[in-house]
Structure formats: C-alpha cells, structure tokens
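Here come two complexes built around chain A, the first alongside chain B, the second alongside chain C.
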Partner chain A sequence: MTTATANATQLKKRSGRAGPLALLLRNHLAGFGLVVLGLVVLTVLVTPWLPLPDPNATALSDRLLPVFSDGHFLGTDQLGRDLLSRILWGTRVSLAVGITATLVAATFGSVIGLLAGYFAGRVDGVLMRGIDMLMAFPYILLALAIVAVLGPGLLNALYAIAIVNIPFFARNVRGVVVTLRNREFVDAARLSGKGNTLILLTEVLPNVLPVIVITMSTTVGWMILETAGLSFLGLGAQPPQADLGSILGEGRRLIINAPHVATIPGLVIFVLVMSINLLGDGVRDALDPRLKAGALLRPAARTQVANEAKTAARGEQRGLLEVKDLHTEFRIGQDIHRAVNGPTFHIEPGECLGIIGESGSGKSVTAMSLLGLVASPPGVIASGQVNYRNENILGVSDDRLRHLRGGELAYIFQDPLSTLHPLFTVGDQLVEAMRAHHPYSYREAWDKAVTLLENVRIPNARERAKVYPHQLSGGMRQRVSIAMALANEPQLLIADEPTTALDVTVQAQILKLLNQLRREQDASLMFITHDFGVVADICDRVAVMYAGELVEVGPVAEVLANPAHPYTQRLIACVPDVNRKQGNLTEIPGLPPKVSDLPVGCKFADRCDRAVERCRQAPIDLEPLTDQRQARCIFAREVL
Partner chain B sequence: MERQIWPYIGRRLVMTIPVLFGLTVIVFFIMALIPGDPATAILGSYATPENVAQLNAQLGLDKPLVQQYLTWLGNVVQGDFGRSYNQNREVIEIVGERFGATLILAGTALVLCSIFGLLVGIISAVYQYGWADKILTLIVLIGISTPAFWLGLLMIMLFAVQLRWLPASGMFAVYGGGDLPDLILHLILPASTLAFIATGVIARLTRASMLEVLRQDYIRTARAKGLNERRVIYRHAFKAALVSIVPVIGIQAGFVLGGAVYIETVFQWPGIGSMLVNAISTRDLLLVQGGVLVVAAAYVFFNLVADVVQVMLDPRVST
Partner chain C sequence: MNKVEVTGLVKRFGGGRTLFRRPIPAVHAVRDLGFRVRPGEILGIVGESGCGKSTLAKMLVGLEYPTDGEIRFDGEPLAAAGHKPNLKVLSRRVQYIFQDPNSSLNPRKTIREILSAPLKHLRGMNAEERERRLAELMEHVNLRPEFLDRYPHEFSGGQAQRIGIARALAAEPDILILDEPVSALDVSVQAQVLNLLKRLREEFQLTYLFISHDLGVVRNFCDRVAVMYFGRIVEEAGVDDLFSRPIHPYTRRLLDSVPGVETRVLPPESDAVELPDPYHPPQGCAFAPRCPNARDDCRTSDPELADHRPEHRAACYHPLEHP
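After this line comes the complex of A and B, so read on.
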C-alpha cells in the first residue's frame, strides 16, 4: 500500500468513528436532558443570591396563596411561606443528597467490587455473599429498615439510600474486574513487582471507570427519587429543613384546596430525574461499544435490496438458479465492507456446485444473499440479480420470498447447535417447517416429521422427535437440520459448510447421506466449503471465491487436475492426501485483504508468488479459458 | 429424557433456607444496633431503673447477643414475632392482617407491569428506532423518572376529586362495601399507579433481550424455513427472550413490594407498607422487624417462583 492511500484510509477512519462526546451530543434527547439539568443546577447554584423571600419565613395572613400571586410567583404554603423560594432551596438539598448518596454508594460499591474481583477466591465469596444478602431484600424495604434503626433524618436517609445502592456498583465493577484480572497488562504489572494496591489503583481502576460512570449516571436519578420518597414519608428531611420530598409530603393533605403545594415540588422532582435519566441513557449509549458497532440493531425479515437490484432487467436465464454480478455489502457507520463483489454463476437442475474459499471470502454471504438472509442492517444487496425459474428473487414480494424459503430453496447451516432453536423439540421444529408450506394438521405433520428423521437415518426416530437439540450429538443435530431442509422437497439445497463443526468421522457420514438424499430427490446442491477434499467427493463443478469475487470456475475434475489460478492451486495443496507425503501439506501465507479497503488490481497479488507489477495496476477480468472454464489471472492461459 | 421438575422445586426450596436464615440475621442485628435501650424505649422516659432492669431481664436483653438471636429465631420460627407495644397486639396478628392487602395490591401491579412491560418491549424491539419505539421509549423513561407518590396524588386529584370516577383511598367503601367489585374499584388507582412506575424496567429489558435474540442464528433458521415474521417474532424470538426476562420479573416483585410503601401511604391502603411507615415513626421496632421479615420472605418466594418458571421454559438448564 502506498503512503498516500494509507493516509487516506486513516483519515477516513478518523472521520467515520465518532468519539463518546460527539455521540452524546448527537443524541437529541440526551442533549435536551443536559440542557435542562444544566439550567436546574445553575438556578439552584445562584439561589442564595436571588431576590427571594426567606424560605422559612411564615406569614399566616398569606396562607395558601395561589400560583402567580403578587410577590409569590408559585404561591405560598399552609404557613404562608413562599413556595418558589422553598422549592429552590429544597432542590439544592435534594440534588446535594442525591449526588452525595451516589458518590458514597459508588465509592463503597466500587471498592467491594474491585477487591472481590481482583482477589477472587475466598475474599470474593465472603464479599459477594454479603452483597447477595443485601439484594435479597426488596430495595426500598431495606432502606426503611435502616432508617428505622438510625431514626428519621435527612442524613440517615442518605446513608440508607447509599447502602441499598452499593450492590449495583459492587456487582457491575466486579464483573469487569474479573475479566481484567488475568490480562497481560495486569500480569506484567505484577511481575514488575508492583503491589496489589498500586495495581488496583493504576492498572485496574482506570479500566473500570467507564462502568462506574455508567452505573452512577443510571442510579443517581433513582437515589434522588428514593431520598425524596423517604422525606415524603416523613422519614427523611425533618422541619425546618426541607427537601423536595418533604415539601411534597407536607402539601399532600392540601390537594383539594391548594393542589399547587404538592404538585409543583413533584413536578420539579420529575423534571430533575427525567433530565438526569435522559442524560444517563445518553452516557450509557455513548460508552457502549456494541451500539457504536451497530451490533444491537434488529435485523429485518429480509436483506435490504437497493432499488436497481430489484428492478434489474433480466436476459435469458441459465440453469435452475442464476446469480449475476451480485454485490452485497455491509454498511457500518461511514465504512462500507464489500463482502460480495459481483460473482456470476449458475446451477443446473440436479447439479452439485461447490463454492470454495477461506473464511471471510464472501461465500456464506453470497449464499445468504440468495434468499435475503443477510442480517440487515448492516447488510445491503447493492446490485445484481438472483434468478430462479425466470424470476428475480431480489425483487419478489415478501410473501413470495417466504414461499421460496424452505419450500423450493432450502438451507442447511453450519453449526446446528446455534441454528436450531434451543427451546423447541426437534419434532416441533420439523412440523413447523412443513406447516409453513402445507396445510397439514399437527398430527399428520408429526408423523411426516418422524419419517423424515428416519430418512436421515436417525435411529429410534419416534422417540428422538421429542427431544431438544442440546440433547443430541453434533452429527445427529446436523441430520435434523438436513431433515428440516428436505421437509418440503426442495429443488435446490444450499448447504453452508454443513460438516465443518463436526468430527472427521461424522463428516464423512453426513456428506454421504446428504449426497445420497439429494440424488434421491433429484435436487440441485450448492455446497459451500473451504475444503477441496469435500468438493472432490461430491461436486460436479466448482467456483473458487476470493475477497468476494470468483477467481476460477470449472468442472471439478479439470480444476483439480490443472488449476488455473494460483489461489486454487494453494487451496488444493491444503488438502491432506494419504498418497502424498505429509510435507506437501501447505498453508497459504498471509491474510485476505480487508473488505473495507480492497486493492484495485488482483486481490490475491499480495499473497501470490507470481505477482508482477501488471497484476496490481488494473482490475483483472474473469476470462473464459475453455467453454467450461474461467479464471481471473493473467497467467491462466500458460497453465493450460 | 423428561426432566423432573418436582425434585428441582424441592431442592430449590431447601436452598432458600440459608437465604431466609441470612435475612433473619440481618434483620435481627440491624435492630440490635439501635442506639439506646429498648426497654427504656418501651417503658418511656418516666420508667424507674428497676422497671427497666426488670423488663430487660424479661425480654432477655441482659443475655449475650448471639443467645438473644437464637431465642428470637426460635420464637420467629414458631410464628412469635413478639408484641407491638404501641398497639399492644401480637406482631404476627397485625402483619397477617396487613399482608393480604399488600399482596393484592403488589400482585395486581406485578401482573399489570409484566403484561405491559412485555408488550411495550416487544413493540419497541420490532420497530426499533421507528416512531412507535421512540414514543414508547419516552413513556417508559417518564415512568422510570416519576415519583410514585406524586403520580398517586395526581391520580387522586384527577380521577377521584375532579372526575369522581373512582374512590380516592382505602380498600373498601366505608359503608356497604366489602365485595369484589368494590375491591376492584378501590384497586384500580393504586395498582395502575404502581404498575406504571414498575413497567419501565421490564419494558427496557424485554426490548434489549428481543434485540439480542433476533440476531441469533436460530432466528435466521426460522426465517430460512419460510415462517412468517409474526411467528418468528412471537414464537421463536419471544420464547427465547422470555427466558432472560422471567428472573427480572422476579426482581421486579421486590420493587413492587417496596413501591407499595409509597402507594399504600398515598392511597391509605391498609397494607404492610403503610403499617411499616407508621411503626417506624412511632419506633415500634418489633413491628418493623416482623413486617420487614415477612415482606423479605415473600420476595424470596417470588424469586423462587421466577426461577422455577425459567427452568420450565428452558430445557437446557439441568434440574
């Protein structure tokens, strides 16, 4: 990579990824909360210098004046005290108590969490059992019990609220410390002879600070609410001292004659806590790395398809299924990861096409794109066509797509433990697959499900139908997946590394079974794998994929005998061959290029022995070699 | 391969014994920390030193703390929580009377906030960042930020004082009440107030777990099977999300039981919460002790039920 392009990418990255503060400000609600909270804090800070009556000066002749009275903007209470003044002073108290309680709880809770997480073992056991005991009480009840012991009073209410919030900090902090405890930098500090206290303060604490900040920002609103609550009950601030809760509590009996005495302080509590919570949510979101990465977005029922791909005009279709110039990309923030870069291929009826490549080569995304199963967001099918029986699947209605999925086109996924639903029995999941496409009764479908399980050679199928996926072995689970895919007699099976997660011996059985069954049903098979040995066993033709594009296509026997692309040669060399000596087994050095930053020319050039200047200058086309074979390499013809 | 649920429940019940034991330790020792002399507190400041000493001996307060605890625990196990010196009645009697009312209020609120929390959470997750999600998220945040006692007062002012639709306080009408419709009428305002405040936590968690589950591979499988989106969301995703939501509903039971303190005070609901507030104000400590212990035990029980439901939902958890 040249220095210029390197700089350009770095610049792009910097602008694409926003810092926490920018994220916080981008969130309108959080910004609104910040402004409101700022105004409240500012107002109560300058309260001593405002021209307000003494909050405790009683004037019995001016009792219960309504809002907007002369000289009393918010009216007066039952003793004729100015309500505006009382509320501003009360807000000072409530805020101060809430924040202090938060700091106390954060300090004690964090210390407990740090010690428990760092020392683990016995210390952890004792401390966390204590925390569990605190949490065994209903939240407010424990605060009440503590106030009962200490006696009513604002300071005691503060202690009570702080104590009941300690567990939240202790648990959150401990959770993070446990993961940090054995990290390299902590070990390094230990080896360098730093004491435990120093390590905790200088190495561990800085890494837990975000968690402490998040917990503080999400609990401070609570603590203000709860101290106000205790004061409301007459257990917090005692006259003449007043916070918002006690003002509200005193006004409670007047709600019929003078509702403003109780409602206005309540409104202030609400506004205060609401603004804190809006801000707190913003802080939490801004510090959550998953949110930044878009990992918490809900995937839609089908992959988003750009309009041009939906309406793309079709020529004459080849084969049962034809993929033309398919482009699927992941749009994350400002970055575009181009996972699939325009492969064109087709599958004939009854044919088995192997799609082979390393992990990250885009073969799975290609397969998922066919029926819109790529998670979206962030996935988008930007252009191309997927034609099945003269219909562009990318443009069909949701209902039509639903009929094709699991009907004429069925998938078998890689890891059956995560792809089968853990909470339904396997029989139930098979029944569901059939009833999504046929009007069977549950009983009928169940009997058919048992037959399907027998067909995939699951012994004792009638009993096995009643078990949950986790109760089966990996091989049995994958048989269930195959049964599910075959449930509606599909025309095309799309198998995405169906044997990768299995033991070698089981792999062979599953492969044999899959191939046998699809021949019985006369279904086409699109077989995705990284293993040329498997391709050699069952596929008719093979398409080799690298960095989202096809680099070689051809009949399996010909490609194996005479691979035209250097990448294909390397993949074939990866297959252990019992007839050859062990020494011939080679790995491919280097890594595939990042799909967010693809080179202009041959994408394999950086890992290729034969690469010359010409390889990197311009895109290389997929050239036909014979009427059956194509390759994307300037040296391809020399091989033949 | 059927799992045995009853032995699990049995074992789980046995496991609550140490927890309950721990609760008694905490409650007892918190009360033992009280500054001052309980006998003086009971007899008042006019008591003679002889009377105080006599009462101390009578109450066993001259014995070591551990011995006092064991004696007390022995009594508690037999249902003897001592006498309320303010009301001059057995604590167990008063608590028993009050507990039913709290259970009705908190139970109703818990059911309401679970239903609404789940609904709101699912809708929010399904329409993530859509207008429905934004509005619901804001309402949820309002619920979380509202002081329960203030909302209660507003409800009384609107529905009882202004509109006169519903009674403002109590559990039954003073004259001619006492039947179920009367109870329901009195229950509407306090229960919905409590539920509104408590819905937020469940709604937020439901939204988060639904979003988490909707990214799982088995949801993609459900779609690949050709299921319609409604079934994917309400059957496949919701069931999986529920496994992590149920324990939080158990924790919410504690929130609702605690929040009942405010609601009972505002609506003069004759439950344990309002009793506790009075008992604390009058320093009726044995009554506080008994009340706190019973509510805490109820909370432990709610959590037990939540755990059992979770195990029944999730076949992977071994019993």
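After this line comes the complex of A and C, so read on.
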C-alpha cells in the first residue's frame, strides 16, 4: 500500500510536463478529430466483412432510389448501385491513396531535404533548384500534366499527387537540417568516427523526425482532397472502381434530380479531411518544441501579482528602492518552482548594489520581478513588496508601471543583440524610447539621441546614430543599450550581467563608463553578476544570492576580505586568481538544491562542511552582524 | 620530439570568385601561426573573440582544413599535402572538448549511445568490451554508471561537460584540444571540471591545448601560454613569466582589463578603439591603433615573433620594459 502511494506520488511528480499524447488530448478539437477519424478508419477496415451489397453490382430497375430506401440505406445511384456500399469502399480507396501518396512524398521529400541541408554547397544548389522548379508550377496544373503524360488511373494520380507534394517536405526538412548541421553534436559525432551516412541516419534524422511527422499530419488531408479532385475530373479512379472523388463526379450530373448522390460523398470528404486536419494541428502543437515551451500562451504585459502582495502595507521605506520579502515562483503543471525566496534589501540614492550568484540562484528573476517583467504564465509574484519612493510598485496601475519602466527605472540586459530591434537604426530606437515618455518632436528627440550616444562615448555619434545594431561591435551595441537606458534620466539602473557577453578589454571599458555615468547623473545602480572581480570594481555593497535567498549582504571590500557565510567563502575560493598560481582549485562539491523541492533549513547545508543538525531543522534567518553586514548562518559571528 | 608542431598555418575564409567572376571578400582567420607543444604539457591559447583561436582548434582536430601551413603530431603530418585528413585515424590521436556541453550532446540519444560511438567506430570494440569500457569511463569522470541510460537534458552543465570529457577519452587520444571547456559553467562547477582535467592528464599522460579567454583559469591551469590577436600569436612564454613580466602591450592590456585587479600598468584605453576590420586588415601591426607604444614602424610593417628572453617570444618592435 505504502509503495503504491509512493509510486503514485512519484508518477505525479513526473507529470509536471505532459507527454505528447496528453498534450494532444488536452486539445479538445484534436481529440474530436482523432475520435472521428478513428471511427471512419475502423468502419472502412471492417467493410469487407459487413453485410453490404456488391458496390459494383448494377440494377437498373432500382436506379436513383432515395435515402433510407428499403435495403439501400443511402439510396442508389444512376446505375442502381448501393450508395452506402460504394461510399465505404470509395473511402477505403481515398484513404489508402491519400496515405500512400503522403508516405511516398514524405520519403522522397525528406531524403532530398536531408541531403540538400547536410551537404550544402553544390548538392544543395542542384537539389533545391529542382524543387524550386516543381514549386514554380501551379500544383494542380502540374498534377494534371503528370496524369496527362502517364495516362488516367488511380496509381498515376497517386504518383502525381506525391510528386506535387515533395517540395513541401524537402523545404521543411532542409530548413531544420541546415540548423542541425552546424550544431556541435554533429562535429562531435564526426570526431567519434562516424561517417556522413551514419551521421545523417543516426544523429540528424532522429532530430528531424518530429518535423516530418508534423508535415505529414498536416498534408494527409490535402492529399485526400487532391486525389478526390483528380478523380472528380475523371483522371483518377476509373470505372467501375470508385473513390470518393469519382462518386462525387458522377453524381454531379444528377444534382437536380437526385442531389443525395453528390451530397453524401461530398459530406464524407468534408468529415474525413476536417477530422484529419484537426488531428494534424493537434499533432503539430504537441510535437513542435517551440509551441511546447508555452509560446502559444501569450505572456501578459506584466507579471501576475497575488492580491496579498498588491495590497501589502507600505510602512516606512528605506533608501530609494526597497525590496521586502519578495517571493516569485513559476507554476508549471503540478510543480511550483520557487525561484525567489524572500530577499529583503534596499538601494540608497547614488549607490551601486551588486547582486552576485550562480546560474539558477534567482538573481535575474529578482531583478525582473521589480518591474513585473517575469513572463506570466508561468511566473507569479506570490508575496512581498517592491517600494520605490513610498509606492508599492507591485500594486500600481498598468499605466503607472509603463511610465516607470524605461523612465525612472531602466534596464540594461546581457545581450544587446537580442534586446535591440534589428530592423531600426539605433538612433530611431533611442528616439522611440524618449518619445514614449516625453512629447518631443522627432527632430528634437533625434538631436537628444545623438547627445546620448556622445555621452556613452560612441565616437562619431552623429553618423553612428544612422546604423543598424548588426553593424556595431558587441561593446558598441552595449553602449547603445546603456544610452537607451539613460534616455529618460533614470533614478535607478538595473543592469543584468551587462558585460558577461563581452571580451575582457571591452568589459573594462563598459565598467569604466557605467561608473562615470552613475557619478555624473547621480543615479543608483543595481548590478547583477556572477563575477566577484566585477563587483569589486564597480559596487559599493554586495548581496550574495543562493537558491533564491540572500545569504550575505555587506560592503564589498569587507565581504571580499572577510566573508561570513560559508557559501561566500567557498565561492570566492573557487575563483582562479590571475595574480598567482594556486595548485589545485578549491571546488564546492555537489549541486544547488532544486527550486521545486527546497529543504526546510539552510539551503546550503548539503554542500557545507560545517553543517550540523541545527542547520537543517528550521529556516535560518538573515541576522545582522554589524550595522552594515548581515549573514544567514549560525556560525557567521565567529568570522568577525 | 614535439607532440604538436604547427608552422606557417593560414586559414582564409571566402575568397575566390562568384559565378559571375565577382571577387568574394576574404577573411584571414588565422595568419601565419606557429607554435610547439611538448609531450605532457598544457599550452594555453588566450585571446578575445574573433582572434581565430576556435578556428585553430578546429583545424587541429581536422574539422577545418588549413589554407596553408602544416600541422604535425609526433613529427607526422596531420594529412598528406593537399589531402583532407582521415578523421578515423586522426581522431584516435587527437580529441576535442566543446565549449557548450549541452549543444555537443545529441538531445535524442542516451549517454550510452553517445559514449559507445567512439568505442565502436574508432576502437572497433565488440559489445562486451564496450560495456566494460563504458563503466570505466564513467568512473574516470566521477559519474554514476546508472546515468548511462539517461538523456542529455537531464544533466546539469558540469555533468554534461564531464560526459563530453568521457567521450573524448573514449577514443584513447594522447592530445586533447579543449575549446573554452569551462566558460559556460559556474565558478563552483568550473573548479570541479578543471581539477578533473588535471587528474586525467596525469593518469593518462595527456597533452592539452587549452583555449580560453579567462586569464585566471589560464594562469592556474597551463604550463605555457600563447596570446593571440587578430589571427596571430603576439606573445608566447611560460605561464609565470608571461603573467608577471609580459612583453607585448596587448598582453599587458589583457592583464589590466581583468576585473578586480588592484594595480593597472597601462593608462586606460580611449573609448574610440575598436578591433580591426577583418575584411580590411591594417597594414603593419594589428594592435598598433590601440597600442600606447606604437610608432611609425609599427604601422608600416608587421613585427615577426622573435625571442626577447629565453623561452619568451613576442611580436613587437617596442616591447614593454621590465626592471
């Protein structure tokens, strides 16, 4: 019994992210499509054993019987053949042709796409120009031409439809293969001794399969329609054999006298293709990794804030910005990932506070939470306060928040290439940033933009304002994003790893620049980084983050010289010193705890060599050590 | 004999002409490069992005082909003149460790499949031998054997990098090319991986070529260092010599730029400096526009890499003085 419950909870834990089938069924329309298609397929599979009249047996005395006639449930056609039987047999043919054509097109198209994408260069040129030529013809004309050459007949219609659809597969597959080919695991496979054939079959193909399946599921419906179309024109199934298209085609002439002969096959085609398309869309949504990551859910304009946090009492505020007991979590399926677990800190006017931590420590999420930039869903600010000038930002109106963002509070992000718009000149982007907050004319704003670029020491600013982001080097781009952040005279700059993507010599320049600007404009700076050297260069105080909590806060020089928390101590010891050789580097054993399953007591206890029973029993508070320093460790006082 | 010897290496991308006889612009990623690595040594290659260090690494393992020049391992050329290297032979001798551990592991393969590939294709082991060797490899890199049946996304960055190391070791090479192997990792994990690499080098008598932009890591991990700028080596020396008494102004600039260091020697750089444009390389020394010591001769001809002190080479007409 206990093992059963244990298994059940384990199962529950695993289902935090749903599998493809569950995702598919979550889409009700796709589920409906699956059921309808399943019923149709089942019916046509058992057709040979059903007590039906021969679909090709003519009985001229019984011609054009209406629906629900005795012995002919759906009536008969102009030759007295049973319509129900003909439609079931015809659906069999249509489905078989549609699916076979899809398989043929998928096979040839994928092979062409794989080869073209993988070998690139001349192979790609020749194959894809061939595909382009196929695509240059209107496809129904091309199909007609192929059938005209090969002669009418079901098999030839199948060939025609398969050939016409090869380009769809080839193009889709090639696109994916081109990006895969440059991935490092392909190089790695080559260095593992695999040849081109093996790499294509065992490394590339498994990663392309979902795309092939998606393309198949979305084209089967088309293929059935196209087969029906060719048969309707008399180029597909030849009498007495019939598919849905040819039944429809024969019934067309009787549409006035006996409408049911044409209407019923038309309806069947409709139901069949509709169910396949609904299912195909569902399959695509379930398998496409971009959609799986939640791209279908449009994130809200600001992070969802729990009511508790909105209405929290303000009280007396410390500094320019004060963060009190902030909790931000991500709710994904059954799991709650507690990324930020109650940091409390403040920033004085003109001060630079460094927030340091490793990846996953919650430092970026903390910074993004301040102005509601965490994507919702799945992000939720569960409780806490963010007070800026006696105003709880978590509770302000959307208008007020928009005014603060990029106005008094501005961000600088790690990668300027992804934060600057690639299609606008940097000058235009600065103009837009200013005009969002001030009623400047375009010309006024442009002049100010040039001044801003001069302020961030971009040489030849008047000319550089007219270039696009990709024309600038990484360092220059980061200067542009700093200029943008400064556009509306911010009181507080929030810089999230602004120099991590830069080379050391460029980093040194950007740090120097940020320091100068902060002094000139008397702005506060919240600097998020993982590098102690950077903190030492630019920050006044530093807060060390671990598993979403602050473990130590204090003036930079004191914390670096005499760290109080074991995590800070060991983290500093890990950093290889450029001034001397240390022999073996100290390492921190183990990994940080999972934020979906945090321990009750000290979060660092499992990796700490000083941990005792008391560390694990209850939460440890962030205790003041001096009036400037705080640490979250029961042994912290021993250090000072 | 030198384990690795590189002479006059050149790699040009682009060049030639289009179908319509229009010239395609050419970029020299690596220009006239030469160095030697002794057996069992760790040579660090330091430089900023775009200096050609990754292109060099790819040429050493045969993933790129040099435009000119020669690479020799134990005196034997990497490939016969004018031929592409035979990767099946080369990979048994030289292996590569990638910067991003996660993108170098195929997301749709288990660790067992990933590690088995070199054993099967390079070492020709049968199923039984492979099974034994897999267990050994996992032990070498401190991973539990039950991880073999998991997929790459289930691992943290440090664990994934150790799998990358295990894959390289599986080929039983004696030279490892490490292309920024720890720059994607957190500092606490970085130390774990570096210490592991040090231990493995002693255990298997490996020779490392360690490419990095992190000077702290290089100082603590390497025996000798070569500094690259704009496709060339500008300075090469023993690690302590180079860090305490650099000759080339670019090396000094790098050392001064490390955040957190207290003493800076050179005056801060002016804001106008930018890296040279690879499509229009400057005449003379590529560093001259940024160099506080640059004079007229620097701008007319490119200095050769020459001995300035024993075991200390630099390409500079006006080296930094050391008391």
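Please note the rule applied: the second predicted complex is superposed on the first by the 441 of 640 C-alpha atoms of A that agree within 3 Å, B and C clash if a C-alpha of one lies under 4 Å from a C-alpha of the other, contacts with A are read in each partner's own complex, and residues count from 1 in each chain.
What we mean here is this: a contact is a pair of C-beta atoms (placed from the backbone, for glycine too) under 8 Å apart; a residue touches a chain by one contact, two chains touch by 3 or more.
A quick note: this is a predicted structure, and the numbers were derived from the prediction, not measured.
Engineer: Taking the superposition as given, does A:R190 touch the first partner, chain B, the second, chain C, both, or neither?
Structural biologist: After superposition on chain A, A:R190 lies in contact with chain C alone.
Engineer: Which partner chains sit in contact with A:A148 here, chain B, chain C, both or neither? Use first/second/both/neither.
Structural biologist: first
Engineer: Let me test your reading of the model: by the given contact rule, A:F604 touches which partner, first (chain B), second (chain C), both or neither?
Structural biologist: After superposing on A, A:F604 lies clear of both chain B and chain C.
Engineer: Kindly classify A:V273 by the partners it touches after superposition: chain B alone (first), chain C alone (second), both, or neither?
Structural biologist: A:V273 contacts chain B only, not chain C.
Engineer: Which partner, once the models are overlaid, touches more of chain A's residues, chain C or chain B?
Structural biologist: Touched residues of chain A are more numerous for B.
Engineer: Any idea which chain A residues touch chain B in the complex?
Structural biologist: My answer: residues 29, 133, 136-141, 144-149, 152, 221, 225, 228-229, 232-235, 245, 248-249, 252, 255-256, 259, 262-263, 266-267, 269-270, 273-274, 276-278, 281, 295-299, 301-302, 368, 371, 373, 375, 402-407, 410-411, 413, 415, 418-424, 432-433, 436-437, 466-468, 470-471, 484, 488.
Engineer: Help me check something: in the complex, which residues belonging to chain B touch chain A?
Structural biologist: 1, 19, 22-23, 26-27, 30-31, 33-34, 125-126, 128, 138, 141-142, 144-150, 153-154, 156-157, 161, 208, 210-212, 214-229, 231-232, 236, 239-240, 243, 253-255, 257-259, 261-262, 265-266, 276-277, 279-281, 285, 288, 292, 295-296, 299-300, 313-316
Engineer: Would you mind writing out the residues of chain A in touch with chain C in their complex?
Structural biologist: Residue list for chain A touching chain C: 183-185, 187-194, 198, 202-203, 206-207, 358-359, 457-459, 473-476, 503-509, 511-513, 530-537, 570-571, 574-582, 584-589, 591.
Engineer: Going by the contact rule set out above, which residues of chain C touch chain A in the complex?
Structural biologist: Of all residues in chain C, those touching chain A are 48-49, 61, 63, 87-88, 91, 95-96, 98-100, 103-109, 117-118, 120-122, 156-158, 164, 167-168, 170-171, 186-192, 194-195, 198, 213-217, 219-221, 239-240, 243, 253-261, 268-269, 271-272, 274-275.
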